[in-house]
Each structure stands twice: as C-alpha cells, then as structure tokens.
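As structure tokens, here come the structures.
You will see subunit A twice below: alongside subunit B first, and alongside subunit C after that.
Showing the complex of A and B:
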C-alpha cells in the first residue's frame, strides 16, 4: 500500500491539506496504540508499526518537497540515497551570494532587520520555486520529472539556508 | 468498529465492571496519585488528608525506610541517607551526576557511563529503586482508598525526558508492581485536565515549571485529538533552581564556606520557604541556624528575589520562543496558556509569561495537581472504562535521535518534534573486504558532535556474510513507540539470509534485574513471589484469550484460511487449559507461541481496520 493509497486519495501534487489532516485523524483514531492498550503483545507490535507508517505517510504527503520526492520515487526516480550533485552554475553562484549576505549580516549593526528582510526574500523565492515544481511534476514526461528532481535538490539548498537563518535569528533575538 | 472490541476485552465478560486505574505524577519535589471516581478525577488523599507526597525517601540502617513527609522532616538530621528530588538522577550517567551534583550530600556510585547509584545506610540504591519506593507508597494509598487492586497506571514524565530517563521511569513503575498503561508527558496531561474540562478547540501552550525540569509544549486540540505540535524545554532547569539562586545569595551575604550536608539542607528549605512567602508578600525574613549553633537572619525583598531569578525565567521564555517557531505559529495563534508546577505561583513568572504570550495564563486548576488529574483521566480511558472516548494523543519525540558517523559526528535519523510512534530505517554497508561485524552507536540530542549528545546505546551487528567492501546491506530500523521509548532492529538483507536482532539500549534494567529486585523486595514483605508471578501470567493469558477470541470471531473467517483459523482456535483452547491448570512457565510459553502464530493475522487486521477508518469518508469525497 503506498502512502496515497493508505490515505485513499489520488496521486496528485495538489492535495487539500485540511482533507488530508481529517483523514489522518480518522486513521489515528482507529490505529493509535492508545486505542489498543489491552491488546496482546503481538497485536501491539503490528499496531505500533501501522501507526508509525501512518505518521510517516502524513508527514510525507503534507510537506510539498517530500510529497514531490515521493511521487518521483513512485515513478522510479529514487533520490533518497543519491550521491548526485547539482549541476547548475547560475543557481550555485546565487547560493554563494546568499552565503556572503549571511556572513555580512552577522557583523552588521542592524543585523536583526536585515535578517528579517533576508528571510522574507528567501521565503518568496521558495514559494515561486514550489509553484514551478508543481508544473514540472504535473507534466508527466521523463524530461519534466528529471527537471523536477533538480528542482527538489535546489529546494533542499533553500531549506538548509532557511534553517541557518533561523538559527542566526535565535542567536540575535536575546529575549 | 471491530477493532474497538478487541481493545476492550473485559467488556465481553462483564460490561459494567469498573477497573481501577490511576494517574501518577512522579514529580521532582512532590508526587501525587489521582483516579476517576464517579466520573470525576481527583487526587487521592493519605490518612492524614494530605494529597501531596514529598518525593523523599530515607533509608535507615536495617530495612526500615521512610517515605514522604516523615522522610522530609528528617532530611536535615540525616541528609546522606535521605534522598530528595531523586528524579534529577534518573537515567543519568555516574560521571554526569558526579559533575552536576557535587554540592549535594550524597555519595554517588558508578563507573563513568554506567547509571548512577547512591550509597545509603541500606547499601547501594539506584534512582530507579528510590523512585519505586515512592511509587509503591502511592500505589498502596490508592489501593487502600479505592478498595481494590489497580489494573494499571499512567505515569507522567517531563516532555523533555530522553529515552534513558523514560526507560528508568518505566522500570521503577514495574518494580513497584504497577502495570504501566502509558508514559504520558506532563504538559500533555495538563492539557487533558484542562481540555476535557472545557471542551475547547484551538492551540494551547502549556508552561510547566516543575521542581527540576522546565517544559513548554504547544498543542492543537481538535475533535478529541490532542496533537502536540512542538515541545521544548530544559531538563536541568526548574523551580529548585529558583531556590538555589536564593541559597547562593545567602551564602554570599553571610560569607559561608565549607557547608555541612545538614546546613545545605537547612539553607535549601529556608530558600524554598522564602520563595513561597514572596508570592503574597513584598518581603520576608530568612532565619537559619548555622553549624556552630549561632543564628543568622536576613531580609529578602521581592525586588531582590526577582533580580536573582530574572535570568532563569528569561531562559524559559527563550525555550517558549523556540517552541512556537518549531510549531510554525505566532503568539497570536495561541488561545490559552496553561500553567503547571508549583513555581508558576511566583508572580514574576506569571507576569513574564503573560507578557510573552500577551494573555493572562490559566490557573484555575491547582498547578500542583493538574498533571496527576490529567494522567488519571487518561488512565481511566486506557484501562477500558470509557470505550466511547474520542480522545487520541499524538505526541512527539522531544529530542532528535541519531547515530555516530566518522569523526565523532552525529547523523540524525529522526528529528525532534516528529510525531510518535515513528519508525525510520537506515542502510549501512561495510567498508572493508570480508568485514563481518560493525558497531553502531545511537545518541539523542541536537548537537553535531557525538560527545555533546546523550549516548543511548552501543551495539554490534555480527554475522554479516563476508563480502567485498560495500556489498553488504544492513538495514537498521529505529522505532519509537507511543511512550517515547526506542527499540532498534537490524537486518542483513543482501544475501537472502535475513538475520534479525533486537537491541535494547544499554541502560535501564534487564527483565532479570527487575525480577530479582522484585523478589528481594517481596522477601522483605514476606509475600509469595511465585504466587504473584503465576497470577500475573494468568492475567496476561486472560487478556490474550479474550482479545484474540473476539478478533477471530469478528474477522477470522474473512482473513484466514480455514486450517489456520482452526489451528489458532485450538492453540487458544490449549492456552485456556494451561491458564487454569498449568505452571507459570507453561502459560508463558503458550502465550509466546500464540503470539507468533497470530502475527500475520494481527497485521492483516490492521490493514482491514485502516480501510474501515476511511470508509465513511469516501462518500463525501470531492
């Protein structure tokens, strides 16, 4: 049973998040270990495994990048254990510029404001990239799938950058 | 619906029988037990009418011990043998305890990474045993009050407790003879106490400043589902630290050096009293008798106290900020803030929390009792008294799990705030030709270096077929159950020969150790250990018999071929006969045989129930 089947929904990038959440809740109301506190040990093991699978499925389906990666995996493109690196000089160049901007902020007098502005810029870019990813995924050609895989790799760069920005924010905002 | 039947096996035989279950708040400073009676969950009182049991155990020479108020009263007299706030030592390695608690009057025992133990007049006592003594006291209180044996207990732990601390808590409960229905996170318990009371929907924050730990949890309540969105905190920051800040100040003011264990206790108690006084007063007098019988007196004002603890409170708010961020919400999204723990009575704490969340925190349920009450409600549901309950708790892993890689670095396997239960698999390969074994080191924590994380387990994978480097594929699965406890299984899958191993983390107690300790404590109580163990197996057999019978009745014919169904039924009857006439060992073996035999059936039923869960929703599908 793949994750879409588990949640009984069509294999699509465009999922209704509230509908998905509702199904998740229905599944957990049935399968959560607390609903089987008096079951035998063997059943408990099966229940824990099923509940874990449901949690993993929900996490995969609700997160756009993970969902796209999973869809590609169903189409035979496995990115989980890949060692392939991104070949896009323009994009990589821009990442280097971002890194420099991050370093500059650390020593700036107006660090917090600049950081917030930077975070907004990155968030806007991420949104645009996700939109592009959706178009690629929906084309259903091999070429578009490969482009989507590249897009996911780029988005992972962006996510990592966002994590670093948020770490810096933690350091700057001394409550 | 069929699955609901198997979760309530007691129902088929006697539907109206009430099963007693309790919630226990095993706190750093105080412990409580609560139970649902006549539909209401209330803390249970001791003979003197007290609800709170100080978490203190004193071991006297011989085999007498004192627990609670009596032990606390004697703490100053006999500090070395009176274990106060034992929760701080749960699941801690000896070297950490020795480093962190050097000032305490205890003699810590243990090598480096081994679990710490304490030297007392009754010999070495592990924190697990000390906690078990506290739990036993509460269990006896409950059984006396409720007039019957307990069928199960929910024990609360700080959300921020790591795997070792949780495992030790569960071991302590088992040692006390309690059937643990669930380990429940304290903030989640508090949310249940408030949530079920008001039937509220939306996002709530639980600020829990306990005696020794600080937790912040962000929960979403929706149609009976309690979903923890994020949790954070500090397992080494608590109300005790507010007292400690006063102690440090007193030592400075009076220029005290060379503090005796007795004086150390006296100062701590005086500080605690002063903190409590300053809740309703602007100043307080602190009077302490020094070791040379001279008396010292000093005034502490509210402003002075607030200046002393300001940084500590700031640290809790930093954790709140991080938790909101992890939950990806703003302070405005939070509709209620629940306060838990005695130290949230400190006015500055309330003030700062109100300021941070921009709303008055909820304090209508006694902050000392709210956790036990929530746990009691959950215990009542889990034991099967409320089959129609909609309540589901979706909790999260508080700290990331990872493994050590080259160069002492951590590779994360499961990140913190992932909803549990969770299972993640990781593939490993050999790096030398002909390599047949490899070591895996599991750690918990957020830091990049292994040395900065908590070491959970080291295990070896053996029997890997000799192959060229990189050819073997070993799949290691990390599973965390609903209690937040980890188990690891490993499998070599490249050769078709699949070997599977079960790995238990290296701390905590083995089943044999628990059995031995139980036996020792039973001998003291002149109880009959064999009778008790037989009774336990009989209960286990009844449970299995009823649940499997009703499961087979419901779905057996649909799922299993006739021959397998007949075999299972026959095996069940065998179990029944052993249950009535067999030895403890025979029952045990039959249970495990049946467990293996019903494995495929259990898995197939889960798939069936998943389909049923969504069946109702297909109708209004868009």
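Showing the complex of A and C:
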C-alpha cells in the first residue's frame, strides 16, 4: 500500500493540506495504544509499526518537495540515494550569488531588514518553482518526469538556503 | 563525526580561494552542486595555449569536506595537462583526505567540477 492509498487520497501533487492533516489525526487515533490495551504482543507490535508508517507517510505527503519526489519514486525514478551532481551553470551561479548575499548580510548594519527582504525573494522564487514543478509532474511523460526530477534537485538548494536564512534570523533576533 | 587532520588543514587554510575572470578565453570554469546537501562549488582553471593548467582557484559553499576537496584539487591540477587532470578520480580525493562514507559525495563534487571546467574550456576553444 503506498502512502497515498494509506491516506485514502488520490495520487496528486495538489493535495488539500487540511484534509491530509485530518486524515492523519484519525489514522493516528486508530493506532493509539489505549485502544489496543488487550491486544496480544504481536498485535501491539504491528500497531506500532503501522503508526510509524503513518508518520512517515504524513511527513512525505505534507511537504511538496518530498511529495513530488515520492510521486516520481512511484513512477520508477528513485532520487533518494543518488549522488549525481547538478550541472546547470546559470542556476548554480545564482545560488553562489545568493550565498554571497547571505555572507554580506552577516556584516551589515541593517542585517535584519536585509535578511527579511532576502527571505521574501527566496520565498517568491520557491513558489514559482513549485508551480512549475506541478506542471511538470502533471504531464505524465517520461521527459516531463525527468524535468521534474531536475526541478526537485534545484528546489533542494533553495530549501537549504532557506534553512540557512532562518538560522541567521534566529541568531540576529537573539542578539 | 571527526574530520581527518588533512581535511581540517585544508578547511582552516584553504589553498587558492578566489576567482578568475570567467570571460577570459584561457579560463575554464566548472560549476557543480550537490542537491543532497545544497553544496555549491566553482572551480576555475587557468590554461596555457599548450593545454597546461598553470593556476587554479575555487570558491565553495558547503561543509568542511567539500571545501577541503576543492582546495586539494586546486593543488593537484596545477602543472597538469587537461587530459591528466581529467584522470583525477573522486576515490583519489577521498583517500587522500580520509573522507568517511557519508562525505564521499563531496569528493564526487570535486571530480565533477574538474570535468565541468574541462568541458567549459573545450567549448570555449571549439
């Protein structure tokens, strides 16, 4: 049973997040240990495993990048353990500039404002990239799937950048 | 996880950090990134008309192992021909730096940076 089936929802990139969260809570409730106090040890073990699977599924389905990666996995493109490097000079040049901008902000007098503006820029870009990813993933052709995989790789750089931005924000707010 | 002495040495005293003018016809630029960790690496080679690498510079945003791998590569490629530089394997890098298995992708990144730079040079000269 795949994660979408487990949550009884269509295999789609465009998921209703509140519905997904509701299903998650009701599935978790069914697995609550109090409900199975009289079960055998073997049954209890199975329930614990089921609960873990539900957590994994929710974690995968709720975030767009992981969801898209999982959809590609169902279509036979496994990106989980790949060590392939990305070689898109234009995109990477921009990533390098972003990281330089981040370094500059650290020493700026106006760091917090500049950081906020930067976070907005990156969030806007991420949104546009996700939209493009959705288009690619809904085409259901091999070529579009490969393009989607590349888009996911790029989004991982954006995600990492966002993590670094929020880490810096934490540091700036603390002082 | 502990870094090896060689990684720490390259991380604390990185060799050849910086940039060349990428529009210079004798400068080869290789840009590569590792999606799994978000590392970005730029390797630039200054190549003589005879095809010998006379200088190299790098700029890497990433973990200590990625920085050490690119720093090491800039030292190794100097004085080599492009063909000789193309022979450098990620296993040579990871062995020299004693990288643990989880950091092997950093050495792959450095190997691919050399290959990307060479491809850029060939394209420029074509």
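Just so we're on the same page, the second predicted complex is superposed on the first by the 171 of 175 C-alpha atoms of A that agree within 3 Å, B and C clash if a C-alpha of one lies under 4 Å from a C-alpha of the other, contacts with A are read in each partner's own complex, and residues count from 1 in each chain.
Keep this in mind: a contact is a pair of C-beta atoms (placed from the backbone, for glycine too) under 8 Å apart; a residue touches a chain by one contact, two chains touch by 3 or more.
Source: prediction; values computed, not measured.
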Partner chain in contact with A:134 - subunit B first, subunit C second, else both or neither: neither
Touched partner set for A:73, first subunit B, second subunit C, both or neither: neither
Chain touching more of subunit A, residue-wise (subunit B, subunit C): B
Partner chain in contact with A:60 - subunit B first, subunit C second, else both or neither: neither
Partner chain(s) touched by A:8 [first = subunit B, second = subunit C, both, neither]: first
First (subunit B), second (subunit C), both or neither touched by A:86: second
Contacts of A:26 with subunit B and subunit C, given as first, second, both or neither: first
Footprint of subunit B on subunit A - complex, ascending: 1, 6-8, 16, 19, 22-23, 25-43, 45-56, 58-59, 81, 166, 170, 173-175
Partner subunit C, residues of subunit A touching it in the complex: 82-89, 91-93, 95-96, 99, 152-154, 156-157, 159-161
Contact set on subunit B toward subunit A in their complex: 3-4, 6-10, 152, 181-182, 222-225, 314, 317-318, 321-322, 325, 356, 381-384, 390-394, 418-424, 427, 479, 481-482, 543-544, 547-548, 551, 591, 594-596, 598-599, 602-603, 605-607, 609-610, 612-614, 616-618, 622
Subunit C - residues contacting subunit A, complex: 29, 31-38, 40, 42, 59, 61, 104-105, 108-109, 112, 116, 120
